[in-house]
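Structures incoming, each one as structure tokens.
Next come two complexes, and both contain chain A; in the first it sits with chain B, in the second with chain C.
Moving on, here comes the complex of A and B:
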């Protein structure tokens, strides 16, 4: 692994050395290090690039690390990862993707297709960080597709963060929930320059008393553009909530497009969106505490995305 | 230490909100500003802290003309201002704001101290976000705690009593008394509360953008209420009780 890859690895997953337990590290379209644990098995797919992660029922408090790195320009990575989570298992998945163009002018791209199959009453916390680095002029692109199928009583929390360096991203997250299944998605996004980011969600609540809570906080600076699309279908007695909170700066543009459909009288669906520049009174308050304009702005943005 | 010279504030096509306001506050003094709603009290506080610029007049702070200084520069020179309506933030915590106010990283214990001064149990609040999930009284107390944490030479509080329950109010009065013991620091409190006025060295009454009288409570209240002896008058008693001076 070269220095860029090491740096990316640290940024996206907090790892400085090989972790304990199960992991798979992917660099430039190849799996370069892998370990299974007693309860979590990682195997290569036979028909395409990618892995199956199989978690035994009742596995408790284990971590799986699956960072993917593109450490040189010109790589266009495409990967399929499937997660099979056994009944009653309770695990944390640390994913993340770092793309670098190095100093080349060829773009780098990572397209990951992740599918999650959560068994009854299982719990998953999925943490994913995306970054782009490199001084090369090529575009850094990450297009993640996530599909989630949740059995009865399962719980999934997804935390996704993309703070800098990715020029273009189209994220598509799709979920189907059975009885009592719960899905929580927290998305944090900041775009700069002329970056573009689209995040699209499509959730079907098919089971009684299932629920989804989708929270997006984002900042669009410079000339960057973001689109947030949330499509939530309540097909039975269920609760759905989505919230898009965005700060625009400079010439940033943000659109929030909700599409909530109640196909049942007992579905309760709420969408909230607030887009605007940093509130003037927030700046003033922090300046009366002695911060400069720049410091006040940085504090507000940091807090907002923290 | 603070001197206002002919301060006026007009907004276009509106009435004059402040008209030729002059006053001085000496080091170590505690002044209360009172008067009817819309009289210009908050506007005056905003002008002193730099949030708005006066259309005429000068502000002298510790001998220096600060009329053209920014909010930040004034804050750094030692002016603090607790808002009538505290600002809410998504993602900034109580601990963050107290640290910002203190101007350095302080220990959790020190931060807790400022919260207990305003009657908040630190462990319940220190990690809370300053979002709209905090109640009106809670955010108001946190606002006051940040001003205490700043420990600056001039502290301005705009209606600190608003929304604060009775028990905490008694404690708050003690906090102001304690701050007043510091002979290097001056305090301006805008208030409609007779008991806060009691703690002040002097009271200023503002009506329609002018100071109509300044002096001890005994001389200011009769003037403000147009009554010779407000303490013994049924009508004024009701007004004082209702805290709508």
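Moving on, here comes the complex of A and C:
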């Protein structure tokens, strides 16, 4: 792994050395390091690029790291990762992606298709951080597709973050929830320059007392554009909530299109969205306390996203 | 005008006799009574079915009644009405539509395309009530298209109500707002049986300090289906708010798809939507006070819609 890849690895997954337990590190479309643990087995797919991550029932408090790195221009990575989470398991998955195109004029992209099959009463915390780095004209593109199937009583929390350097992203997250399954999604997106980001969600609450809570916070700076689309279907007794708050700066453009459909009398669905610039009085308050305009802005954005 | 038409007229516009001032009453695709006033002129269109309503500048506190009635089955009415509101005018327009198919097996429909051109600083209150009546299998369909163009400083308030008897409706309301123009839309919709209702809005705030406030309240009973779609574009310094609250009962299905897009840093846009059934504690409270289940339900629905 070269210095660029090491830097990316640290940024997206916090890793400075190989972790304990299970991991798979992918660089430029190839697995470059892998380890299974007693409870978590990682095996290559035979029919296409990617891995199966098989978590034994009752596995507790283990981490799985599966960062993907693209460390040069001209790479078009496509990977299929499937997660099979055994009953009653309770684990954390760290899955970031960093794309560096250096000073290359060739763009690079990473397309990751992740599927999650959560067994009964299992719990997963999924943390995903996307960044792009490079000074050349090559575009950095990350298009993640995430499909989640949750069995009875399972819980999944997804924390996804894209803060900088990704020129274009199309995110698509799809979930199907059985009885008592709960899904929490926290998304943070910041775009700048002339970047484009689309984030699309589709959640079917098929099981009684299932619930979804979808919270998206985004900031669009410069000439960047963002579209947030969510579709929540309440098909039985269930509770759905979606919330999209966006701050626009400079010439940023944000659209929010949240769709909620109650197909059952016992579905309760709520969504909220607000788009606007930083409130003037907040700026004034911080500047009165001695911050410059830039510092005040940074502080507000930081507080908003965290 | 026969008894059915008289009854419809009373229901949709509150009229029991011909009003003072300007009016046009349409029955089964024909104008059956018309009167212009000194300040409000009503003239037939020459190229198609419909009327132009021309309101002189500075006209104050006048009413215009333009109810449309369909009093039998087999009628397919299509009408184009254009309203030209002079500068500084301040008027009320009562425009309801009643469709009765009696015991006919033939359906009837009314398609009204209304365009409003509001002059500078003019004010319009537009009240529209839609009902359907009939015991036959003939479907009653009302599809209104409303286009609004608001000059600087104008104000329009639309109150639209569809409470019962309309088997299918597709409503489309479109508005373009210049500087300081304000638009308030209050929609009430109740569907029952296997009725279908779609209500679509598209508002462009092109002028500085323009604003739109869109409030939709709906109730879907039995097997009825409703779709609410709103699209609010903030293209400059402006404020947009949309709110869609729906109560579902029995097997009713409601979708809400509000889209907000900030194309300007100075646009502030908010939307909220909530779909659910009548809260149990509200029912219990009213039943504790001596109301039957049916009475309690009726009271809650009534309060919600009014």
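Operating definition for what follows: the second predicted complex is superposed on the first by the 306 of 306 C-alpha atoms of A that agree within 3 Å, B and C clash if a C-alpha of one lies under 4 Å from a C-alpha of the other, contacts with A are read in each partner's own complex, and residues count from 1 in each chain.
Just so we're on the same page, contacts are C-beta pairs under 8 Å (C-beta built on N, C-alpha and C of every residue); 3 or more make two chains touch, one makes a residue touch a chain.
What you see is a predicted model; the values in this text were computed from it and never measured.
> Please indicate which partner A:86 is in contact with in the superposed arrangement: first for chain B, second for chain C, both, or neither.
In the superposition, A:86 touches no partner, neither chain B nor chain C.
> Can you tell me whether chain B or chain C touches more residues on chain A?
C
> Quick one: classify A:284 as touching chain B (first), chain C (second), both or neither.
first
> Of the partners chain B and chain C, which touch A:257 in the superposed model: first, second, both, neither?
A:257: touches chain C, not chain B.
> With the two structures laid over each other on chain A, which partner does A:292 touch: chain B (first), chain C (second), both, or neither?
The answer is first: A:292 touches chain B but not chain C.
> Mind pulling up the chain B residues that touch chain A in the complex?
Touch list, chain B to chain A: 49-51, 70-72, 75-76, 79-81, 83, 86-87, 89-93, 96-97, 100-101, 103, 146, 150.
> Which residues of chain C touch chain A in their complex?
So the residues of chain C touching chain A come out as 234, 246, 248-263, 265-277.
> If we count contacts the way the header does, which residues on chain A are in touch with chain B in the complex?
217, 245, 279, 281-282, 284-293, 299-300, 302-306
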